[in-house]
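Following this line, the structures themselves.
First subunit A sits with subunit B, and in the next complex the same chain sits with subunit C.
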Partner chain A sequence: MVAVRKILPAAFICVVLAYLYAPIAVIVIFSFTTSPRLSMPIEGLTLAWYANAFANPLISTALRNSLVLAVISAVLAGTMGAAFAFWLVTIKRARVRATLLTASLMPAIVPLLVIGIALAVLFRGIGMQQGLLNAAIGHVLISLPFVVLTMNARLESFDFSVLEAARDLGATPSRAFRDITLPLIRPSVIGAAMLAAALSLDEFVVTWFNVGNQQTVPVLVWGLMRRGIDPSINAIATVLLSVLVCLVVASNIINRKKAK
Partner chain B sequence: MLPAGIFYVVFFAIPMLCLLGLSFWRAKGFELIPDFTLENYHKIFTSPLYRALMLRTIGVAFATALIVVPIAFAIAYIMRFVFERRGQLILQIILLSLFSGYLVRIYAWRTILGKQGLLNSTLQWLGIIEEPLEFLIYSNIAVVITLSGLLLPLAVLPLYSAMLNVSRDYIEAARDLGAGKLHTLRTVLVPMVIPGLRTAFAFAFLLSAGDFVTPALVGGSQSMLIGNIIADQFRGIGSNWPLGAGMAFVVVAVMLLAYLSVMRLIRWATRW
Partner chain C sequence: MTTAVEIIGVRKLFGATTALERVDFEVGAGEFVSLLGASGCGKSTLLRIIAGFESPSEGRVRIHGEDVTRLPPERRPTNLVFQRGALFPHMTVRENVGYGLKVKGWARTRIDARVEEMLALVRLEGFGDREPGQLSGGQAQRVALARALASEPQVLLLDEPLSALDLKLRQQMQLELRAIQKRLGATFVFVTHDQTEALVMSDRIAIMNNGRIVQHGTPREIYRRPNSVFVSNFIGATNLLRGTVDTRNGQASLQTGSGSYVIPATEMHLESGQRMVLSIRPEAVRLQGEGARVNGLVTEIIYQGNNVRVGTRLDPDTIFWAEGRDDEFDGIAVGDTVALGWAEDAATILEDDGT
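Then we have the complex of A and B:
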C-alpha cells in the first residue's frame, strides 16, 4: 500500500511543476500557431513568426551584443570567481571565510533594481556614457556570486595534499598550478562560466539602466512587449529559452562529472 | 589583492555608497546638484501617493511570500521524506524553470491571464463561463500569481538543503512520543529548518518588493508598485535621480524591518 500513500504527494509535485512550466509551454506552443492571439482552440501551425522575428532589423544587432556580453561574463566572472573561491578555501580561520563568502553573495540578495541604479549613478558620476561596457560590468557583477557559490561547493572536496605532493617533488607553484590544479578544477570552472553566460543572456534589469540606446535580446524583447501582443516575441523567446536550457544542462553535466 | 575583491569594492560597495550619497542631493531638470538635504526623504514620507505605493508593495510582497513559502515547504518536505531518492532530480527540474527567460515567463502569464488569453478563452470554449474573467489580468492578483511562479524555485532550494540535515529519526521519535502531526511539524521540523525558512522567506519577500517588470507587464495602473516609481525616476520622463535613490533606500529599509518582524513572529510561534 506504499504506492497509495504516495499518490497525493506525487500529484502535488505535478501540479506545482505544471504551474512553473505552463508559461514556458504556452510560449513554445504559440510560437508555432497561426492565430496571432493566444487563445483556444488552436487553428493551424506555422513557422511564420520565426521568419518574422528574424526579419526584424534590430534582432541581429541585439543577438550580437547579447553574445558579446555573455562571452565577457563567462570569461571574466568565470576566472575572477574561480580565483576568489580558490583563495577563500585557503583561508584558515572559518569565521573570516564564512564572512567573506556571505559578503561575496550580496549582489544576489540585493534587488537587481537597486544594483542597476547604483551602477548607473557610479557611471554618471565618473562621466562614463551608458553603453555596452557598462552593461558588461553589471553582468559580471551579478554573475560573480553564482560562480563563487558553485566553485566553493566543488573546492570544499578538493584534495590539497596533491598540491603539497607536487611541491615536495620539486614543482614550482606555477608548474603545480598548470599541471595539477588546473586540470582538476577546469570542468568546474567551465561549468560555472557557462552558468554566468546563461545569466548574462537573460539579464534585463541591470542592463536596462546601463545600456543606453544599445540593444540586447532582452532589451529588444522588452520593447516589443511594451508595444502589445506580437507573436514574434514567442519565437524569439523560444530560441532564447532553448539556448539557456542547453547552457544550464551542459553546465550541470560538466560540473557533475568532476564531482565523482 | 584579488581581482574579484577589487571588482566587488569598485562596482558594488562604492556604487551603493554613491547611491546613498546621491539621495541627499537635489535635481534641477536633468542636472544633479550636490547638497546635503533631507528634502527627498521628506517628500517620500509625506506624499500620500508614495505611502500608498509602499503599503501596496508590502502587501503584494507579503501575499507572494505567503503563497511561495508554504508551497516550497511542502515540496521540500515531499522531496526529502517521501521521494527521497528522486529528490535531487526533482530539484533540478524545478531549478531549470529559472533559466527559461525572466521576461518571457512574465509575458507568458500576461498571455495566459489576459482578457482574451488562454485561461479565459479555454473556459469560454468549454462553456464554463460566458464572459471573460477580468480580474485575472492587470490586477494585484495577476502580479501575485506571476511573482509566485518566478520566485518559487528560489524558495525551494534553501528549504530543501535545510531539510536534508534533518534526520528522519527526530520526526519518528516525536511521533513515537505521542506528538500529533501538526505538533511535530511546529515544534520539531520547523525549528530545525529555521535557517532555510529564513532564506526562502527573504527571497520571496525582498525580491518581489524590488521587481518592477512584473507590475509593468501584468499589473494595471491600479497595481503599480514602488519599484515602478523608482525605475521611472531613473529612466522616464521627468526623472529625478536623487529622489529615486532615496526611495530605493527607504524601500530596502522598510522591507528589512518587515522581514525581521516576521522572522521574530515565526520564532515565537514555534516556542509555545
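Then we have the complex of A and C:
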C-alpha cells in the first residue's frame, strides 16, 4: 500500500509531463528522420528537410518577414512598455496605479480573434491596405501588456532613492536618468523586449487577419499544412521552437541577473 | 555663531493630512542638531524639505542666508545620507563617492585624490574597487557618508542612517560620525527616532511630535528639564505622578492617590486645584534616601548588569521605578515594602497634557 501511495503521484507527474512534451518531441525527431511519413521505427537520420525548407523561397521570405516583425515588436513594445511601467510606478496614489496597470493588462485576456478582427475592421475603415505594417501594429499591441507586466514586476523593487541620491549629488533629472536609471533598468528592458519578440514570432491569429498576401512563418506553415504534412514543416517548426526557447531562456537569465 | 539653516514658518500638507505645522527653527553653522521623534512626527519631511525633495506648502528655507525654497535638490548646498544608503548598485565604491564631483565637472585626477581622502576619512581605504553588493551594512553607510561629504556640502543631512545597523555597530558609528563632524567642523542635521542616539551625538536636539517641534535644547536641557509630559516620557524613562496642586500652606504640593509630594520651585504659576504631573527620573530615586517620600511594594526587580531597576507599586494604578547600582538594592526581594525618596529639585512639574 505504502509503495503504491508513493508511486502513484510520481507516475501521474510523468504522464502529465509526457502529455506536455510528447508532441514537441515528435516534431523535433521527425524533422531529422529520412522517412517522409510519421512512422516508427525510425529508418535513418537526415538534415535534408532543413535544406529543403531553406531552399524554398517562400519559406525564406516568410522567415525574413517574421524576423522583421519580431524586431519591430521587441523595439517598440519594449521601449513603450518600459516607459509606461516606469511612469506607472512613480504614481504615488496606489489605487490610480493599480487601475492603470489593470487597464494596460486587459488586452492580454481579450481573445486574439477579437483583436485580429477589430484591427482588420479598423484598418479597413481608415483605408490602410493589409500588409506587414498592419501586422506589426497588431504584434506590438498584443505584446505590450506582457512587457508592462514584466517591467512592472521588476520596477516594484526598484529603489527610487538612488535617483534622489543622484539629484542630491548635483545631477539634473535627465543626467540622473542617463547615469543611473538607464543602466539599472536596461537588463529588464532587454528581457521584456525578447519576450515581445518571442510572442511576435509565433503569432498567428492577429497576423492572419491583417497581413494580407504577405507571409510570416506561422501563416505559411498553416498554408502548407492544408496541402498535407510535408516534413519540411517539422524542420521549420523545430527552428522556430529553438529560436523561441533561446529567447525565453535568455530573457529569464537577463531578468534573474537584474534581480540579484 | 552664524546660522546655517533657517526654517521660517514652514508648513507641509499632503492632501488633507498635515505633515508639518508651522515649524520655525534654526541650525547654527558647525552644529550637530538631531531631529528626534517617533515615526510620522514629520522629522523626515522636514529634512526632505531642507534637501529639496519636498517643497513646503508655506514658509521659506534659507541656507547660509540664501533662500533655497524654490531650488531643486541638485542646486542646493546640501547633501543627504539616505536611510538605506542608496548607493548606486552598478558603480564601484570609488565611482559612488566620486559621482557628485564628476557631475560637477571636476578633473579625473582631482576626483581620484578627493575620493581617496574621503575613503580614508571613513576608514575604508582599499575598498574603492568593491561593488556596493559586497559591502556590509556599516561599510555601505560609510560609503554613503563619504559620497555625501565628498563635495563639501554646507549642510549635511542624515536620514536615520544608522537605523538598519545592529546595536554594537550603531554605537560605534555614532561616535565615528560625531568625530568626523567635529573634525570637519561641518553642520549636520540628523534625523532619528532613537533617543539614546540623539543624546549621544547631538549639540542640540529638537523633539518633534505631530508635525511640531515641541522642545529644543542641549541633550542635558532636554533630559533634565523636559517642558512637557510628552518630552519627559519620550527622552529616557520617567515616573509620572498625576494629581492636583495644593498651595494652601505656603509650599506648593501635589495631591495624588498615593500621597502628597512637594513641588520644586518653578517659573510656572500654580493654583490650587490645577491638574499637574510630577516627573521623577528613576535614577534620581534612592532607597530610604534623604527624606523618604513614598512607600511601595516591590513587584519587579530587573537586573541589567551595570544597573538594577526596581518596580514598586504605590497604589493600584501606579508603578514607580527606581534605578541604581546593583549593590544599592542588595537584600531587596519582590514582596518587600520599601521607602523611596528623591531630592526635591530632581523632580520636574509639568502640565498634564493627557499623554
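Here is the rule we go by: the second predicted complex is superposed on the first by the 249 of 260 C-alpha atoms of A that agree within 3 Å, B and C clash if a C-alpha of one lies under 4 Å from a C-alpha of the other, contacts with A are read in each partner's own complex, and residues count from 1 in each chain.
Criterion: a contact is a pair of C-beta atoms (placed from the backbone, for glycine too) under 8 Å apart; a residue touches a chain by one contact, two chains touch by 3 or more.
Note that the coordinates shown come from a computational prediction; the quantities given were computed from them, not determined experimentally.
Considered on the superposed subunit A, subunit B and subunit C are sterically compatible, since they fit side by side. With subunit A as the corner point and C-alpha centres for all three chains, the angle toward subunit B and subunit C works out to 100 degrees, nearest 10.
With both structures placed on the common chain, the touch criterion links A:45 to neither subunit B nor subunit C.
Shared-chain residue A:172: touches subunit C; no touch with subunit B.
In the superposition on chain A, A:121 makes contact with subunit B only, while subunit C stays out of contact range.
Of the two partner chains placed by superposition, only subunit C is touched by A:161; subunit B is not.
Measured by the number of subunit A residues touched, the leading partner among subunit B and subunit C is B. In the superposition on chain A, contact of A:180 is made with subunit C only, not with subunit B.
Fitting both structures onto chain A leaves subunit B and subunit C with a minimum C-alpha separation of 24 Å.
Across the complex, subunit B meets subunit A through its residues 2-5, 7-8, 11-12, 14-16, 18-19, 22, 32, 71, 74-75, 78, 82-83, 90, 92-94, 96-97, 99-105, 107-109, 111-112, 114, 116-118, 121-122, 125, 149, 152-153, 202, 206-207, 209-213, 217, 227, 230-231, 234-235, 241, 244-245, 248, 252.
The touching residues of subunit A, counted against subunit C in their complex, run 159, 161-162, 164-172, 175, 179-180, 183-184, 260. Of all residues in subunit C, those touching subunit A in their complex are 51-53, 72-74, 78-80, 82-84, 86-90, 99-100, 103-104, 133, 147-148, 151.
Residues of subunit A touching subunit B in their complex: 6, 9-10, 12-13, 16-17, 19-24, 26-27, 30, 37-41, 80-81, 83-84, 87, 103-104, 106-107, 109-122, 124-125, 137-138, 140-141, 144, 148, 198, 202-205, 208-209, 218, 221-222, 225, 229, 233, 237, 240-241, 244-245, 247-249, 252.
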